[in-house]
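Letters are used for the chains, namely A, B and C, taken in the order the chains are written, and counting of residues starts over at 1 for each.
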Amino acid sequence: MDAGILHPFAGESILSEFLLVQTLNGLSFGALLFLLASGLSLIYGVMKIVNIAHGSYFMLGAYVGLSVILRTKSFVLGVFAGGLAVGVVGLIMERGFLRKFPLQALPQMMITLGFALVFRDLALLIWGGDPYTLPCPEFLRGSTQIYQVVFPVYRLFVICVAALVAVALWLFNDKTLVGAKLRAAVDDHEMAGGVGLNVPLISGCMFGLGAFLAAFGGVMGGPIFGVYPGLDFELLSLGFVVVIVGGRGSLKGSAVGSILVGLIDNFGKAIVPELSYFTLFAPMAIIVAVKPTGLFGRE
Amino acid sequence: MGESRPRTTPQGEAFRAEEIAPLPRPLDGAFWVQGRKMEDSLASKTKIIGLILALLILVAMPPFYTSYWITLLTQMLIYGILAMSLDILVGYTGLSSFGHAGFFGSSAYVIGILATRYKMGFLTCFISGIVVATVIGMIFGLLVAHATGVYFLIITLALGMTLWGLAFRWVNMTGGDNGISGIPRPDLGLPISLKDPLTFYYFVLVFFLVCLILMAIYVRSPFGHSLKGVRESESRMKVLGYHTWLHKYLSYVSAAAFGGVAGALWAYFDGFISPYNMDLTASIEIILMVILGGPGTLIGPALGAGIIVFLKNFISAYTQRWLLILGTIYILTIMYAPQGLMNLIKDWIKGNEKRIEAEETSEG
Amino acid sequence: MRKESRRRRRVKDNTPCLVVESLTKDFGGLRAVDGVNLTIEPGERRVLIGPNGAGKTTFFNLVSGVYPASEGRILYFAKDVTGLPSYRRAALGIARTYQITNLFPNLTVSENILMACQALVRTKFVMFRRLSSYRYLTDRCNNLLKEFDLREKRNELVKNLSHGDQRQIEVALALAERPRLLLLDEPAAGLSSAETHALTLLLKKLDPSITILLIEHDMDVAFEFAERITVLYQGKFLAEGTKEEIKKNPTVQEIYLGAE
């Protein structure tokens, strides 16, 4: 899919190698961001909740995945254990706490905030402060050759998985009945309730699904980026930048935004590492100034 | 007007009053229209008692405290200024800013760099710190002033993290993860050096009082009044003739400026600044100080700051689990006391006043 | 900073207060207001009626600047205000009330009215002097409180007041800035018949030089107050005329009988 970008000049091979590697890196980061941001955007779009704990889901997923993988030596098991465990946590958060403040954005957000702090400290307590890298599954180790460059297989795998998830989500949203119900609930809570849709159930499942996706991304990202305290808020901010750039509540926006942010962040780190956070600032500022609702946001 | 679900115009703008349930009541409601008698009885008695206590604890008695308490109190005052500066945004204008620690940290870093690397004097450093924080506020303000509610929150969060990222990654300038240490206390040629904790405490107290008075006048001014209007109903403000973007912008910049003052004082107090002073957790702590104390009351957030600083220091001596406890306090506060302490106290006073009135009239 | 003081333009005597030309507003696929033309003379008391969904409130939102127009022009005393934001139109003398009460709920009545009193003066940017020290503002506020008989309640929080009082404050806010064009969106909404009667008296006592455009569902209020009536239907202009003309208009009768 990158074939169109490259012109294999003999003399320019170093530049094109650099571009290719960085683009693939950026895409793999963008893939993980998509798993995080799609959930964040969905939760925001459906329930109008800003989930400050969303980055924590990512981090917790990675930690849980780590423990499971170390114990069972199975990556697949780790991925799904992490995803499900955190998905359940998300469900509990929604049902037990957030539901007490229906449609009040600020108190709900504050509660997710409290949980984010709690999760961070629990993670510190259980797994300690050292960073870990999750072990990569056997069959995905090593690298492969793409044009002139050698690139880790695992990162390509991550890109593919995220793309599959994106397609699955899009199909689900656009083509299924459940997806249609979901869109109805997003557009107008009351009408949806009035037409007989079980909005609380949908909301709860939405939240759980978002949590699952984030945690899933966390485990998937483990072998590349590792897991450490502080990952939660770093990714949360990036997730928000994706939502700002791509537009809230939009799956397409999350996808495009994630790719953009992943690429910019990566190229930024490669070219000007000291200012890497600022390289995100510029596009965010442009979007906010030119199209405040984001590239694909509605208003 | 007591409904809890947000109403929206076809534009999608929610009435902010309903978005936050229940809203704080401004402290200055009682002194309002010129010539109107102050609310007598319990409210003013409580205020006078509070004032006397504050004078005692903060002004008269510190020479008798141990140095642990003096440094703790200094810390409380500095964060008090910071919390009050955020209250301008959160409590009075109704804008939740999740990047406020960025201004605090930026100012402190400027002091750190200028004082340690370039050995500049107090006035240069102090003013530069505040100026830098204000300028950052002026630039960021352009991006955020059009936003509202939850969107404002997200953008300020991202912007705050951008500043953190700068502190974290621009290692040549900021020392990265290690921060900047060895910031010396300013040498003002006083008979007692500012290295002495008690002297430095009074130094900070002066700044605290000045900031408190300035901010108190600010929120009672016509402009401060307009901010409350923006909080209550931005749509109505526009139609009345207010250029609300401008008011929000100025509010944001003023909050940044006062935040810069706090940051500058912190640099001299602690002698050390690191990215951890300005990350998202730090911004979150400030928000909690405002919420705990009661948004829109100015004194409330200062008290909230005192409580959180005290708890943090106290708890950290016994356990590492400060964040866990903080998070739990957060959740409990929202679930059971969303108006914050200050407003709880005021409600308690009002409740007692009504009871006393009722008793008096029935006896009459 | 530009002077916020009200510019009283010297206009020719026959300049209409409000001229609306082919005003249209689209919301995605929905055309809420469709090519409406309207002319209102200074000092006129015009009532806008029409069944629900006729586009009356949208029309108000267009004239007051809350929505930008999709097509058409709005001329206010011959000045094209179509592109101006709300706050600039307020400075020119356009004021409005809301059908769904839109006040400052956690502020007192005085504070609400003061907010309106200071809206168009430079004083609103003063940051280091107490608002309560500005005599001319507090005096204006007290006068309005007296006019609207709200003096006793002036320190009550607006959210604790009765609906009737709140509707009064709605009108007070709009009048505080001495507007030349007053848009009243169903001021009698939710009022008891006694309150409605009091409101009608109040409206009749208003300065005759103020041009008033009223949306009203209550036909008695509408017909009592109006000099001329404009009827909107499904976003389009349907009919216009005096009370008698409208009462006798067969199309109008049809849409109202049909709607009831």
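Everything below uses one rule, namely that a residue touches a chain if its C-beta (ideal position, glycine included) is under 8 Å from a C-beta of that chain, and two chains touch if they have at least 3 such contacts.
Quick caveat, the model's predicted, so the values are computed rather than measured.
Asks: Count the smallest number of chain-to-chain hops linking chain A with chain C, moving only between touching chains.
Replies: The distance in steps between these two chains is 2.
Asks: Report the most central chain, judged by the distance from each chain's C-alpha mean to the global C-alpha mean.
Replies: The chain sitting closest to the overall C-alpha centre is B.
Asks: Name the chain whose C-alpha centroid is farthest from the C-alpha centroid of chain C.
Replies: The most distant chain relative to chain C turns out to be A.
Asks: Mind checking the centre-to-centre distance between chain A and chain C? Centres are C-alpha means, answer in whole Å.
Replies: 48
Asks: Using mean CA coordinates as chain centres, what's the gap between chain A and chain B in Å?
Replies: 33
Asks: Report, in whole Å, the distance between the mean C-alpha point of chain B and the mean C-alpha point of chain C.
Replies: 39
Asks: Could you pull out which chain B residues touch chain C in their complex?
Replies: 1-2, 7, 9-11, 15, 17, 23-26, 29, 31-34, 36, 214, 217-218, 220-226, 228-229, 232-233, 235-244, 250, 254
Asks: Please name which positions on chain C make contact with chain B in the complex.
Replies: Chain C reaches chain B through residues 4, 27, 58, 64-67, 85-87, 90-91, 95-96, 98, 100-108, 110-111, 114-116, 118-120, 123-135, 137-138, 141-142, 154-155, 157-159, 166, 173, 177.
Asks: Please give the residue numbers of chain A that touch chain B in the complex, ascending.
Replies: 44, 48, 50, 97, 100-107, 109-111, 113-122, 124-125, 233-234, 236-237, 240-241, 243-244, 273-278, 280-281, 284-285, 288-289, 292, 299
Asks: What residues on chain B touch chain A, complex-wise?
Replies: So the residues of chain B touching chain A come out as 4-6, 12, 19-21, 96, 142-143, 146-147, 149-151, 153-155, 157-159, 161-162, 164-166, 168-173, 279-281, 284, 287, 291, 320-324, 326-331, 334-335, 338.
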